[in-house]
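Same chain, two partners: chain A is paired with chain B first, then with chain C.
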Partner chain A sequence: MIDIIISAIFSDNLALSFFLGMCTFMAVSSRVETAAGLGVAIIVVQTITVPLNNLVFHTLLSENALQWAGIANQDLSFLKLIAFIGIIAAMVQILEVVLDRFSPALYSALGVFLPLITVNCAILGASLFMVERHYNFTESIAYGFGSGVGWALAVVLFAAIRERLNQQRIPDGLRGLGLAFIITGLISMGFSAFTLS
Partner chain B sequence: MNTIILATIIITTLVVFLSLLVQQIRRALLPDRLVSVMVNHSRKLPAHAGSKLLDALASENILLPSGCAGAGTCGLCKVTVTAGGGSVLPTERGRLSDTECERGVRLACQLTVRDDLEITVAEEVFTAQHWNCTVTSSKYLSPLIKEITLELPADAEFYFDAGAYVQVTTPPFACKFSDFHVDDRYREQWQQMNLSRLTVHSDVAETRAYSIANHTQDKRHIVLLIRLALPPQSTDLPPGKVSSWLFSLQNNDQVEISGPFGDFTVHDHRRPMVLIGGGVGMAPLRAIIHQQVRDNTNQDIRFFYGARSLTDLFFQKEFDQLAQNNKHFTWTVALSEPATNDQWSGERGFIHDVVRQQFIDGNPQADQCDYYLCGPPLMLKAVITMLKQAGIDEAHIYSDNFEI
Partner chain C sequence: MTYWRRYLFEPLLNNNPITIQMLGICSALAVTTNLKTALTMCIAVIVVLTVSSGIISAIRHHIPSSIRLIIQITIIASMVIVIDQILQAWFFEISQVLSIFVSLIVTNCLVMGRTEGFAMHNDVVPSILDALGNAAGYSLILIFVASIREILGMGTLLGIPLLPLAEHGGWFEPMAFMQKAPSAFFIIGLLIWGIRSIKTEQVEPAKITLHNTPPVSATSREGGS
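Let's look at the complex of A and B:
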């Protein structure tokens, strides 16, 4: 359990070792405050959707999963992509409504990011890794949480560095996304050191 | 085969189930409740919680200007929120300055109404109305500029201040430039520019703002000057949607109009006025000139107008006559690129240079005048820079910006 969380945060970081969710990563990292908001939203959505997708996958889609309904020898795992996206979209919508109802403050902080998350490939990526690595239900909770924290950590770190860079004099050719990508590469090299031990 | 059927059943059931779930939860948690929006401390309007402020106001017939159909990109639907509403969203920041954010200015199209709100809007918004007008004439003034006259529905009357603008909303449409009626005079130029290859379509209603060019006392008609917005040559970009649609109109076609809006009106009726315009920037300036001349304000009015060549110049006779009959009005035209056969003996060059040479340089009265500018963005920029360099106080420069 702890192993899965730690490795999902550091050595298998979705943003920095798999480069997933890059467009949101680049777009919402100009200020630490907004990056942190997005990070929290990602953690919440990951922790909910990965286990849920795990449940759906094992009861409906994986090989011989439908034996409980009396249907044998059917492998519907090719449906996982479309099913996962549907579930993620629905969960994000529900989360939006729940926040709107019970915590208007949190809603106004996270609300604008939730629709962004629906189409974020890091979220879908985590669910697909969960299948690939044969996690069971509890493991997938841990993995969802860990990968969310990892992505949030990466985006906050990155936003902090970019905030500092805004104060610096940067050569024309490197300004904006040019330098942003180079920095992402450097942080990712740093993170890859975690895999060695 | 079995797999396909099974997969279809499972995925359909899953999607239907999820949609129903979201619907039910939404209904259970966010019941339709009414909140109130207090506008300008005087009118209290009901609004459905969860709707956008722009839509809530529109359903109560308060029409805020909006050019982007609620996408948050045009920045026209600004309102000042005095109570409620939460903090400024990141989606609004791009269109609001820091001072505006501090003053509580918000974009109505982004602001979701959750609880009771108090807002202030410009008074003119209350008087803005909405009509389906009929095209009564549509004629070419230059190869790419048309004068379109719209008639209001029977027994409607339109009151506006000179310099105001209206919003034109198109239906979803598709049109081909090759179908346009082109004046015989300009057919050659159209062929040269190879315009008939262009097509334009829009799947949604589009809204744009156009200044009103006619006399304010004509309460039955709205005259618009439309410049066909063309893409830069050698690109595949589509031409301007609304201007193309307006070009395609023929007599008796219907046009949806709302207005009047805008604060580009005469601010002082005593100080001498200098009006500087270019292209279809003629429209609001023409309305202003006619209003001031008719009201006999005894202000000196100087009108500088920049055009590329003689074919781009219109209303020449009208202004010549006005200048002849009225000792307070004078006008100067400058051509920046007169054609070789134009036989032009007037001013040449860019309008900001001409204004400087003719009016600003060595004129001790220059800082006693009010300056009204309207025209293409580049021209406006050049004129404003020139005026500031000449030491004209910014408070006396009024401009109507085309850029949205």
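Let's look at the complex of A and C:
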């Protein structure tokens, strides 16, 4: 459990070693507050959707999973992509409604980011990795939480560096996207030092 | 007949999806450790983007705008599943290397961005040309990055030995760093710098004007390093 969380945060960081969610990563990281808001939203959605997808995959889609319904010898795992996207989109919608009803303050802070998350490859990627690595239900909770924290950590660190860089003199061609990539590379090098092997 | 040329060639360098539009970066970097996987990924993206752009453009008048995203995702996802199944059936080894990244074409912002931004408002032929152009621009960057990473990281290109390796008596010592994640960030960053040094109109404007701050002196710059 603990090592799944730790490795998901540091050595297997979704953004820095698998490049997932890079588009959003580059787009929202100009201010620390926005980055932190999106980071929290990612942690929440990740912790809910990865275990949920795990449950759906193992009770409905994986090989011979439908034996409880009396159907044998079927393998619906090719449908996992569409199923996962549907679940993520539905979860995000439900989360929006629930937050709006019970915590308007949190809703106004996270509301803008929730629709963005539906098409974020980090969320779908985490669910697909969960299937590929054969995590069980408790492990998938740990993995969902850990990978969310790792992504949030990376985006906040990156936004903080970018905020300072805005006040520096930078060569013309490097300003903006070019430098953003190189900074991400440097952070990624730092994180890869956590890899054990 | 110059319009098709604009749709087809503009996204190659002047309006490249990766270096200018910031689309499709997610998957672009992960598959570039060698040229073979990058080429497979390029073909997958070209097919998915072209076919889904064509389909969406053809049925665009029948899609209610409130559910257009869901319909687009479903069409794209169906295409991706087909490609994924084909890869697993006939190119099993490559599909193992690409692992989840073929599936992630679904959430690739390049595909969604072009279908939502272009195919929803244009006829079938321009949409297909635009899709081909953007997919080609994306492929261009992928092939460039993958070639550099494979040559410097392993001394080969498409598996063919190119540089004499030190272990076989040559002079070239493979750089393991080139096979790791950070190198992809550096190569793309430097590539963007290079493109923008030549095409200066692509330079992003400075966010904060600096006329109040004193210029950084040479001594303080040296002191920092």
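Note that the second predicted complex is superposed on the first by the 195 of 197 C-alpha atoms of A that agree within 3 Å, B and C clash if a C-alpha of one lies under 4 Å from a C-alpha of the other, contacts with A are read in each partner's own complex, and residues count from 1 in each chain.
Here, contacts are C-beta pairs under 8 Å (C-beta built on N, C-alpha and C of every residue); 3 or more make two chains touch, one makes a residue touch a chain.
For clarity, every value in this text was computed on a predicted model and none was experimentally measured.
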Mind working out whether A:Gln74 is in touch with chain B, chain C, both or neither, as first, second, both or neither?
first
One more residue to check, A:Ile82. First (chain B), second (chain C), both or neither?
both
Chain A: partner with more touched residues, chain B or chain C
C
Which of the two partners, first being chain B and second being chain C, lies in contact with A:Leu177: first, second, both, or neither?
second
Answer with first, second, both or neither: which of chain B and chain C does A:Asn166 touch in the superposed model?
second
Which holds for A:Leu60: it touches chain B only (first), chain C only (second), both, or neither?
first
Quick one: classify A:Ala90 as touching chain B (first), chain C (second), both or neither.
first
So which bits of chain A does chain B touch that chain C touches too?
78-79, 82, 89
So, in the complex, the side of chain C touching chain A is made of residues 19, 22-30, 70, 73-74, 77-78, 80-81, 84-85, 99-100, 103-104, 106-109, 112, 180-186, 188-190, 192-197, 200, 203-204, 206-208, 210, 213, 215-216
Chain A contacts chain C in the complex at 16-23, 26-27, 30, 78-79, 81-82, 85, 89, 119-121, 123-125, 128-129, 132, 166-169, 171-182, 184-186, 188-189, 192
Chain B contact footprint on chain A (complex, rising order):
34, 56, 60-61, 66, 71, 74-76, 78-79, 82-83, 86-87, 89-90, 93-94, 97-98, 100-101, 104, 108, 112
Complex contacts: residues of chain B adjacent to chain A
2-3, 6-7, 10-11, 14-15, 18-19, 21-22, 25-26, 29-30, 50, 86-87, 89-91, 114
